[in-house]
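You will see chain A twice below: alongside chain B first, and alongside chain C after that.
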Partner chain A sequence: MSGSIATPIGKAIRSPRAVRPPLGLATAALAVCGVLALPVVYLVARSAQADAAAWDLILRSRTVLLAARSLGLAAAVTAGAVAIGLPLAWLTVRTDLPLRRFWSVLAPLPLVVPSYVGAFIVLSALGPDGLALRLLGPLGVERLPTITGFSGAWLTLTLFTYPYVYLLAAAALRGQDAALEETAWSLGRSRWSTFRNVTLPLLRPAIAAGGLLVALYALHDFGAVSLLRFQTFTQAIYLQYRAAFDRSPAAILSLMLLAVALVVLALERRARGRARLHRLGPGARRRLTVVPLGRWRWPGVAFCALVALLAVGMPVAVLAYWLMRTSTLDIDLGALAGMAGGSLMTASLGATVVLILALPVAVLGARFPGRLTTATERLAFSGYALPGIVVALAFVFAGAGLPLVYQTLPLLLLAYAVLFLPQASEPIRSALLQVPPRLEEAGRILGRTRTAVFRRVVLPQAARGLAAGFALVFLTVMKELPATLLLRPTGFETLATGVWTESSVGRFGDASIPALLLVTLSALPLYLVARRFETQEVRAE
Partner chain B sequence: MNDILKVRGLRKRFGDTVALDGFDLDVPRGDLLALLGPSGCGKTTALRIIAGLDRPDGGEVWVGDRLATSDRILIPPEARRIGMVFQEGALFPHLDVLANVAFGLSRGHEEPARRVLEQVRLTGLEHRMPDELSGGQQQRVAVARALAPAPEVVLLDEPFSNLDAALRAGIRADVREVLKGASATAVFVTHDQEEALSIADRIAVMNRGRVLQVGTPQELYEAPASLEVAALVGGGNVLEGHVDDGHVRTALGAVPFKGAETGAVSVLVRPESLGLQPDPDSEAVVTGVEFYGHDQMVLVRLADGTRLRSRPIGSRRDLVPGTRVRASLDGPARVFPR
Partner chain C sequence: MRSRSVPMLALSALALIAASCGGQDRPAPTAEPQQSPARATLTVYSGRDEEFIGALLEQFEADSGHTLKVRYGDSAELAAQILEEGQDSPADIFLSQDAGSLGAVAESGLFSPIEQEILERVDPRFRSSEGLWVGASGRARVLAYSTERVDESELPASVLELTGSDWKGRIGFPPTNGSFQAFVAAMIATDGEDATRAFLEGLAENDPVLYEDNSSTVRGIASGEIDVGLVNHYYLYEISAEEGDIPVANHFFEAGDPGALVNAAGAGVLATSDDGAAAMELLDYLTSEKGQTYFATETFEYPVVAGYEPSVELVPLEEIQSPDVDLSDLGGTIDPALRLLSEVGLV
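For the complex of A and B:
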């Protein structure tokens, strides 16, 4: 061996440290998963008791047709939401569209409109005796295409769910590294080819995640399809439950709907590919280049304006119209205040309970990778597949045997926990992931216990993520209908049940005030949710 | 025994990679010890196990006369009385400087925090937030925070590697002064030999998961136990040699030798021990010069193709690329069995 010697470079060690989670945390996470599994276990048990007559009923009723209708609606709504949300995201994030900022503020707003409010708005705007006909009547238009049935359900659900796709796609677009597109250009690809082969594939996980939320929302929807008289699974379950003494057919139908939702979930997993759900990597990125629209800018503006007109303008116009038609004397302020109080209370209590239950699952997911963690995360995630009506029914069945808790607030809150825990655990987990583990270690070494460090170091820094999770669940509980409808204590009203009660019998005037209040009160949590996506933009720049 | 930290036979693997393979270390009270080794040699793993942040596959850690880590025992990090300064500083971003430093103290007892802040010369910045500090200030706060609870041992994991070169030397001296002033025992991990040589009382050289040699900087430089240690501390030229008749013969000629080795050997020649004289008749030629101001590194290729590094003192304008030179041994050479 001759010559000069240099420092040898060893192989760098980089491997995730598999640490066993503390017993208390693991127990808590498992307990939460147990609660999540409760309704399914109950429905399975209930279906197992079904006798031949019940099965006969299922087979005779048009189960296959219902499944096809539900899936068809979900697919059509998802396609519609992507067709609106994706171009809107691209136009507002990447181009020199006139009034970019204005459109991006309007775009997420329709999320405050629950499906049953949306249905009542669509009905009273475009229905047989609706506003549109009144406006167009003098122009000689005498009838519009019928709005009940599939077309109305599709329009309503698409208009008020596309923001899921918009928000996720816009965040992913903001997070994209400019260098990737520039590399493609430098390799001789045209702008269009770059968009198709680089930009779009990178957006796939975001589109899939947004599409999943939309598909499940459509599949699970109960309010809009009922008001617009488009018979789907959820409605059949409700009718079966209301009509029959034997509840096992409803339980069987519920399990079938759950199975369909799980298939959708699996499809999304495949579509997402191996990328993680809308998490943005760290690192400095350069500001993305702005795409000049040229002569396409006016069609772009027209598109944004049309979406805004239908999804924001129409609800505002309809609610304002009904508000003006209602005499102030007819408004029962006391009842209204009661509904608003009920909504705010269930939403804040529900969000608190969900947050507390989501915490152990999220901590486990963020800090202790391992087999147990994977299992709990999978289970929590499959909670997305649970339709509100199904969870509500499971609790009704279970609760009927437990008179002490049946139709009490705690049982309702538990149902919310089962329904919305997956929504909360994802933002919490990503907030926790953004707190460097070094900080925790530093705290431990300075003599603080794990719990103390979590309280004093981790929680304060994850506070914004927790707030986003809280806001998201708050917003969702405010809008939630079927579980609230079936499980609320007797005489207890929320804005959601108020809107439903009035609009299901066609009293749109009486429904408009609680609807307006509901939409207004939802605006603040929506702002917080949308902000979470905006702040990712700041971090990315 | 005056050793405040004793580590015996640590073993740790991550999948197929062996990170620690029989790691031993003794640190006497008040010592400032550098753990020097190339990246990936297991330094940080050793530090994290000593701190109680990771569990080894085998081996023991004693802090004072207390067994802190073994097959059965794992005292949690918060109960070890060990301080740690991380590479990233890891200051709590939501707490101000004083609250960061006082984090390890019981509530309402901020006096030690103020005292340590004075030692690191940050008085007046108590209520700044971490993101309002320069990189050097942040690292001083991290050191102050580790020292405030008066731990038995302070561990520093590459504490200066995130600072730019201009700052590093100054902060290094500051930190040494603070640690010495507090009579602290400290172990700091580094892959930078200059850093280790300049601030440590003693250096433990490690590679491939074990400690190769422990000694003062002078001992390690002058009497490396192996070529591997020599390569990690100082570096230099390695020549093939042959011992016979009281001399060791190399491509540079024969020099007297009184060691025990015989036959074929490797000879370590530090760059400053390799003399160069211009000689038009020589077949050795200068191939490059790295100029450092106070001296320079001259790269030489011998007739047989061997490449050597020489470090003549002062400015040597006569040595430019292309110059033919005669290379000779001008100082001590160390011989290792081959």
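For the complex of A and C:
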């Protein structure tokens, strides 16, 4: 034991309440809020123009039913994502699972699959006349359970969003202090009791944050629910834009979706808890020990293999199948290279901009609870909860009058910030929560400025969170479609727009080339980030 | 000053990014407006897929000397974008998959009138009655059917027969797709709301499979999920072109049937265009011999100018008698169509 006083768990000691943030931080956060508020302002302005017929349409169409379906889907997907992501994180970070490194590289990969591609993959593999049926046909299987509707949407969204929970939980596990578990053991607790009473509660904020990202993703997703034919709120919003040419009902529906998202956010805040997560006493964090799995080794491997088969193997197999099935492949290497360049550029610039804007939000969230913090977080999540087309039209509304920025890259990057900020701010906030404020106090006592302390003490400690945030936004921008379509510079192509171009006319074979490239190019940076932070964290026993 | 460096850093990084890539992709406003045949740079918002129209637009650039900057997107989303941009729209031309999107932009007063000469060559069924947009090609609603599981003698003369019990569990369509909603809107216009409601209820009782779009509906027929589907006519040819022949064929409903709607894909010139004359040249080109031949032979659509014949497999346009509806008004009747579909539980 390090001789320190371990952090009390639970509600015994609460974080300090309502500390006033420094002026610079507050100013930065307010500036970010200004950008984040754009879609809400736009939606209110558009809703105000709604006439009686628009309200009538909303009241008569099954709005309540749609809200219930959306919430139900979000809850089920979140539960599924935690059920997959949490055990995966624990197995790959803490145990002597065979091929641990291999599984930890595969585990986050499904995140690179856009949900519109994911839904297509699930349909092609498990649908009527799908690949699975063809493989199982000779064995006498004639029908698979129906994959369209709720089950398909749930499966698709769960398979391709669980990495949010996995990545955040794995990062939190790696950041944990072994001293806590050791204390529990020394007090006679069993391993299971230690896990339940020490490890798991410490993971609560990470699981809640990951779960929130998953739940809101499911709320705003259009690709999966439309292809798999499950009617939700977001689908109804798109329907208004695409069919009715009336932006007012769509705006009202979007505001209702926001209300639903705020309820989800409140639930997460409750689940997050207010416990302190960093050590209070002196001394350094201790390396974690490896938990031997014993006879659970092979069931553990089987679980990892099943997840990898469905979430990584199935997409690759289906895309390869479509590629080979096409008789007239039309490959334009120059165009592909241009799309790949466009994707990599928007993703890296986008992740940088989002990270910079997320920083003040994350610091506020971790260190300065209060009214400004609550407002900032709600705004940040409102952009994330809205369908891409809504945020994109808000930027069209605000940007069209500014010819110097409209349909240029900077405006598109700002739109990404509104869409994806929580994907960066949540991992950073989680990481900051694990940094003891004592370190900052020590730095201040030693005469450093607050900024210097932040840069030289806090940021390096939170580097894992920054890297995770960067990676998440990078991957999400790589696959973003609706906002890119409306806001990109004219003629600018990304791999996602390339997939859309081919698949919208039903040429799935041609679409599979940019799709495979998209998945491959996204996997590489993800792999590098995962490797950088995975090594040497857990001490062999 | 201390704690200000974070936002300052953020701002300067943003400024850097803005400086490094700002504005480079936007053409400067052309110096000589209204001066054809001077070379112009035109911005085209295209709801027509690049696969369908890209080659023709390149041909136009080569023939006219104008440069086109094309933004591809979903027709309705681009219409929403144009409405949102209003007077500030950078677009010169809007190409759309369907008349509804064109009608929505026309109704907001954002199109300028089409030159009379271009307008008059196009079949009146396929252009705006106010002369604000013009059709470039026609697409017929058909019943695609499995040649393996449906006998030709079984095929219904009217779309209304699909509510019969012999079609239970065999039918599919894309209810959220604009083309299907235009068909429902047309039926409301010809047969009235009550008859349309009864028809949709009958369809819903036949346990239809609901698809996302036309192409997945046709694929559903090929894969055996359904036997017949309500779609646009050309998806069959597109899929066959990529994957070889599939066991699916198109059936055209009888003349005047609400199921026999022929919709138009077309174009309009934005009133805010700096170069309306050059933009009009593109519309001229789409309705010229080159354009019409292209649509007939490359995209398997119907030419909309008299004197050009569609591809041999198609029922000639004169033999399809579309229900008597004004395509420019269909946009306005989509609302009731959507409401009916939602009341019946199909969307």
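Just a few scattered comments:
Here is the rule we go by: the second predicted complex is superposed on the first by the 323 of 541 C-alpha atoms of A that agree within 3 Å, B and C clash if a C-alpha of one lies under 4 Å from a C-alpha of the other, contacts with A are read in each partner's own complex, and residues count from 1 in each chain.
Quick note on the criterion: a residue touches a chain if its C-beta (ideal position, glycine included) is under 8 Å from a C-beta of that chain, and two chains touch if they have at least 3 such contacts.
This is a predicted model, so every value here is computed, not measured.
Once the two complexes are overlaid on the shared chain, A:457 sits against chain B while remaining clear of chain C.
Contact with both chain B and chain C is seen for A:449 once the two complexes are overlaid on the shared chain.
Measured by the number of chain A residues touched, the leading partner among chain B and chain C is C. Look at A:320: by the touch rule set out above, it reaches neither chain B nor chain C.
Once the two complexes are laid over each other on the shared chain, residue contacts for A:290 go to neither chain B nor chain C.
Of the two partner chains placed by the overlay, only chain C lies in contact with A:404; chain B stays clear of it.
In the superposition on chain A, A:229 makes contact with chain C only, while chain B stays out of contact range.
For the contact definition in use here, the residues of chain A common to its chain B contact set and its chain C contact set are 449-450. Looking at the complex, you find that chain A touches chain C at residues 22-25, 27-28, 31, 53, 57, 60-62, 127-129, 148, 226-227, 229, 231, 235, 239-247, 325-328, 349, 352-353, 356-357, 359-360, 389, 393, 396-397, 400-401, 403-410, 413, 449-452, 454, 482, 485-486, 488-492, 497, 501-502, 504-507, 509-510.
Residue ranges on chain A touching chain B, taken from their complex, read 1-13, 15, 17, 436, 438-439, 441-450, 456-457, 460-461.
Of all residues in chain C, those touching chain A in their complex are 2-7, 9-10, 13-14, 17-18, 21-26, 43, 49-52, 69-74, 76-77, 79-81, 83-86, 88-90, 100-101, 103-104, 176, 178, 181, 209-216, 218-219, 223-225, 235, 238-239, 241-244, 331, 334-335, 337-339, 342-343, 347. Remark: chain B residues 14-15, 17, 19, 37-42, 45, 51-54, 76-84, 86, 88, 90, 92-94, 103-104, 145-146, 149, 193, 207-208, 227-228, 230-232, 235-240, 251, 266, 306-309, 338 touch chain A in the complex.
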